[in-house]
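In the two complexes below, chain A is the common chain; its partner is chain B in one and chain C in the other.
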Partner chain A sequence: MPIHEKSLIRPENLHVHEELEIDGVDVSGHWSTFIGSRVVTDYNEDLEEEIAALPGGEHIHRCWQCGSCTNSCTVYAVNEDFNPRYWIYLIRIGMEEELLRDGDIIWQCVSCNKCTYACPRDVAPEGVMKATAHWLELKGHRPKSPSILFDEVFSEQVFATGKIEEGRIVRDFFRRTSQPLVQEWLVEMVRRMVRHLPLKQLMTMGWFTILRPRTRGWGRARAAIAEHVAEEEARRRAALGLVDKATE
Partner chain B sequence: MAQKYQKVAYYPGCALEGSGHAYDRSTRALGKALGLDLVEVKNWNCCGAMEVKNVDPKLQTYLSSRVMSIAAKEMGFDAVMAPCNGCYHNLKKAEYDLADDQESRDVVGKLSEAAGHAAYQAGNLETIHALDWIKEAIGEDGLGERVKNSLKGLRVANYYGCMYTRPRHIFPEKDQGAGSESTSQPHFMDDLLAAAGAVNVDYPLKTACCGGAHTLSDSDISTKLVLNLLQTAEAAGAEVIATECPTCHTGLEMHQVRAEKMLGVKTTVKVLYFTQLLGLALGLKPRKVGVHENISDSIGFLKEKGLA
Partner chain C sequence: MSKPALIVGGGPAGLTAAYALASIGQRTVLVEKEDRLGGAPILSGYAKLVPSGEWARDAIGAMVERVGANDLVEVRAGASVEEFSGEAGAFTARLTDGSGIEAGAAILCTGFTHFDSVNKPEWGFGTHADVVTTTQVEQMFSSGDGVRCPSDGRKPKRVAILLCVGSRDRQIGREWCSKICCTVASNLAMEIREELPECHVYIYYMDIRTFGLNEDLYYWKSQEEFKVKYIKARIAEVTSDGERLIVKGEDTLVKRPITIPFDLVVHAIGMDPNVDNLLLSSVFGVDLEPHGHIGRASVYDAMGATSRPGVFVAGAATGPETINDSIAQAQAAAMAAYTFLHGGRAAAK
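Up next is the complex of A and B:
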């Protein structure tokens, strides 16, 4: 059954005559609206499979388009363009070009899992959002989003030492996204934070940034994780048909 | 039946060593005041948080499984308590994945061997939240008996956030009828605070999202979501929002400041960990439960209420 998608009708294809009379009947304005035909030829028939090959996208094929995910979505509530059901639809029919039009907001999913809770088909739409965000970046359609950059800064630290130190994460993240560390609201927050803290504790917090907290004897885990990361990266690239120049 | 969990493994996690230190302090103080034994997991590592899960879910499973392996296999515990919603969620998720998915078992087995520790197997350990811990080990009645300084009608909005209840399948013990926790209408924190004298307001956003995932990467959305949580709590008549997650807690405090600075919208509702509120009710001094470590300044308010 075809699903009516308003957003597939582009504004430039909507034609309205301000004044029109046909066979003596006044069909001015609204009444004369017609939609110019549009031929879509650039389907990506592998799109669903590509998304399904990335972590989180595995169950996309189960979707029956009920819309419960969008209906319950935290981000949809603040931005109506954020529509997981619609993107799942586009992916499943392979309309890559349409999907790319929303490529700049898909990463904004806050992983609240309201969609996963509501979904009657166990699609885990939250995972599909993550898979799609990764797909956009791996395929080179979008630069790395702030969210992906944050995940990377965080994960690199965990992989390196077993633990994270928040101050370092904030600094590294701001550096990587070229944001100034001194932002008015952050300064105000730190001011309020340290107001009641005894000197001793402030000093410990300071030391923490030099003596990074770490898990002892992490070296072997670090090496094993690095190997896994490399294997997984190669697997993902292969699944998306991306052949590295170096290995060609 | 308040004999369970008298001695459990304690997994604080990274946030409780940093921005969530007040939660660590108040949790330990609460355990001490109630005569419950917390033994910190030795040489623990990060659970993987949402960030590693986004990069590679299998690695998050491995990281969480290492913590559980130490608690169960090296230290011989049958329950680990994690106060942080993120840690709690991730340990639960790892447990689910390892019971359910061969590929996860393979990755964990391989990485554990290479890293030189025993691989965790599903069923070796039970993961509980700080709420389960107090609820089971002490219970409402036990808590009521020990209250020295009742919260005296303090009006509280209980905020549980996302990770404590969603997705449902990783919490098989929830939604099991009377006595169990509910994923749509969680009440464990409400129950405990009521036992300590608080009045729980009708708060419709108990499990709404604070945008913690993007607190820095998409601050505007986080501020919007948090402001909604704060304003709704105020509209519901709450003086305090009680929290049970360091990410939510810090998010609420941070974006309360940010909303004031960037949007010019000031809210006055206080934000306190439920462990802080329970500690105060047991007669602990504000410093003992880390009130001075919070960003939002509650000291004056608590004095006014006779709780400090």
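Up next is the complex of A and C:
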């Protein structure tokens, strides 16, 4: 039976040295396990405002830690490490390192919004989860998630042409997520489309794939959207303390 | 004409009782041991009161003025009651200044004593200059100087307010909740954020008891509008690294020890029983309740009655109390004393 207390300590805080001598005393091996400090020594006071600057995070400061969000959470029901209440707390008091430990599960929120309904203080925890996932990506702590990449492919195409062309979206999305274009399910889907869709529609789709038509008079709308998107992105990057390379 | 009522203590409760009795034509003698009236809000220099937001000197000052201007109230400041004898309806009080009072009834409005933070030495008061009490922060605001670190007068960048200092603490024999400190602390936190927007304010709590209507007006508002941060932790000790204060404890919500630097640490001090209560108990012959406050004879029956017929009690003398409730209790006690003096049902009992 190992020492029980060790189960309470994170593995990375347990230090065992193969060969170590301190002041003439041999402290090598398992019986001289060291425990790293887990004392919180400071808060990052900007963290809450950074999350609040991203869409969905605006009301995070209202949280009073009742746990309604976690209790109602769909993901928590299958993974107890998924704890919105806890992350909101870490953000509010600025325990950034602690938050980053869970960087690989925070984005798993399925946006069912049960928490939004349960929250007595209108924190909108689902929005906070979205903002936090976004923050992790903007700060470079996590690669862009497939869903963010899809959103980008989708919106870039709408911004460029005013239209959506499904074939290109799928192709571009696969390229950005390094997926092969030929996938079993996709081949099957195309085969059925060819079999069942009217000829005219198939021709239109093919035609659009080649010609990439734009919505008439899209130029002005595109300029306005581009300006707005650029402004929003600059605002968010500034709020997160990220300096734009262009303005450096 | 009946004998006057003796009112002991010139704080919000005593001032209210005197004015209430005067307004129905009853003479009173108001004895105050300090040299001026107003009680804790005036003598301790409170700033803006909860929940009105009025300055204490304006709100309580007006109560002092209307009593001072009333012919039916005789004020004897700078003296306290040394001896109190006789039967109900015919009491004789002797004061420390040698004078005497013939009174038909008495109302004890003797209030409370602020907890002395020196009794919690681990939290650094008296050891580190930048550890202060809520009363001192009130004075920083009421003096117009604003919140500064006493050690060098700098504006604090980070303030920690520790709740339940001298409350809910068996170690020091204060098992009660002092009732007002959570609300006072959240109010001060907002005022600090208003005066120093760059300053971060953290409140360390066990529970937040901003009771009744104060919930959203103080607790929620301080979080939502003023971004005051609440951390569920009871602090173990306040030390110093030579430059800043170091607050140690456990953040219970993340199960992690904390060692955080602060510029200013504020103790939200509780309300002790008046330090003179043993003396008052023996002079007036009234029983104290188990915590050491002046005991009430009945919760539901007689208004403000003590164990001695003809002697009534109101305000923070009975336990931690807000100014509003002290005023309400004083009006009730005035009613009871009046009925007693004029042979009403209370006297028949």
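One rule holds for everything that comes next: the second predicted complex is superposed on the first by the 168 of 248 C-alpha atoms of A that agree within 3 Å, B and C clash if a C-alpha of one lies under 4 Å from a C-alpha of the other, contacts with A are read in each partner's own complex, and residues count from 1 in each chain.
Everything below uses one rule, namely that a residue touches a chain if its C-beta (ideal position, glycine included) is under 8 Å from a C-beta of that chain, and two chains touch if they have at least 3 such contacts.
Because the structure is a prediction, the values reported are computed rather than measured.
Enquirer: Where does A:Glu45 make contact in the superposed view: on chain B (first), on chain C (second), on both, or on neither?
Expert: second
Enquirer: Could you tell me if A:Leu90 is touching chain B, chain C, both of them or neither one (first, second, both, neither)?
Expert: second
Enquirer: Quick check for you: in the superposed arrangement, does A:Trp64 touch first (chain B), second (chain C), both or neither?
Expert: In the superposed model, A:Trp64 contacts chain C only, not chain B.
Enquirer: Looking only at contacts as defined up top, I'd like to know whether chain B or chain C touches more of chain A.
Expert: B
Enquirer: Which partner does A:Glu98 contact after superposing on A: first (chain B), second (chain C), both, neither?
Expert: So A:Glu98 only meets chain C here.
Enquirer: Taking the superposition on A as described, I'd like to know which of chain B and chain C A:Lys163 touches: first, second, both or neither.
Expert: Touch partner of A:Lys163: chain B, not chain C.
Enquirer: Output check: A:Ala234 vs chain B and chain C. Expected answer is one of first, second, both, neither. What do you get?
Expert: Touch status of A:Ala234: no partner.
Enquirer: Counting contacts the way the document defines them, which residues of chain A are shared by the two interfaces, the one with chain B and the one with chain C?
Expert: none
Enquirer: Taking the touch rule as given, give the residues of chain B at its contact with chain A in the complex, in rising order.
Expert: 14-15, 17-19, 43-46, 48-52, 54-59, 62-63, 66, 107, 110-111, 114-116, 162, 165-168, 183, 208-209, 211-214, 216-218, 221-222, 224-225, 253-254, 257-258, 261-262, 291-293, 295-297, 299
Enquirer: In the complex of these two chains, what residues of chain A are touching chain B?
Expert: The touching residues are 55-56, 74-75, 78, 108, 110-114, 116-117, 124, 126, 130, 145-152, 154-155, 158-159, 162-167, 170, 173, 177, 184-185, 188-189, 192-193, 195-198, 201, 208, 213, 215-218, 220-221, 223-225, 227-229, 232.
Enquirer: Help me check something: in the complex, which residues belonging to chain A touch chain C?
Expert: Checking each residue of chain A against chain C gives 38-43, 45, 48, 61-62, 64-65, 86, 89-90, 92-93, 95, 98, 121.
Enquirer: How about chain C: which of its residues touch chain A in the complex?
Expert: Touching chain A: residues 200, 202, 208, 220, 223-224, 227, 229-232, 251, 253-254, 256-261 of chain C.
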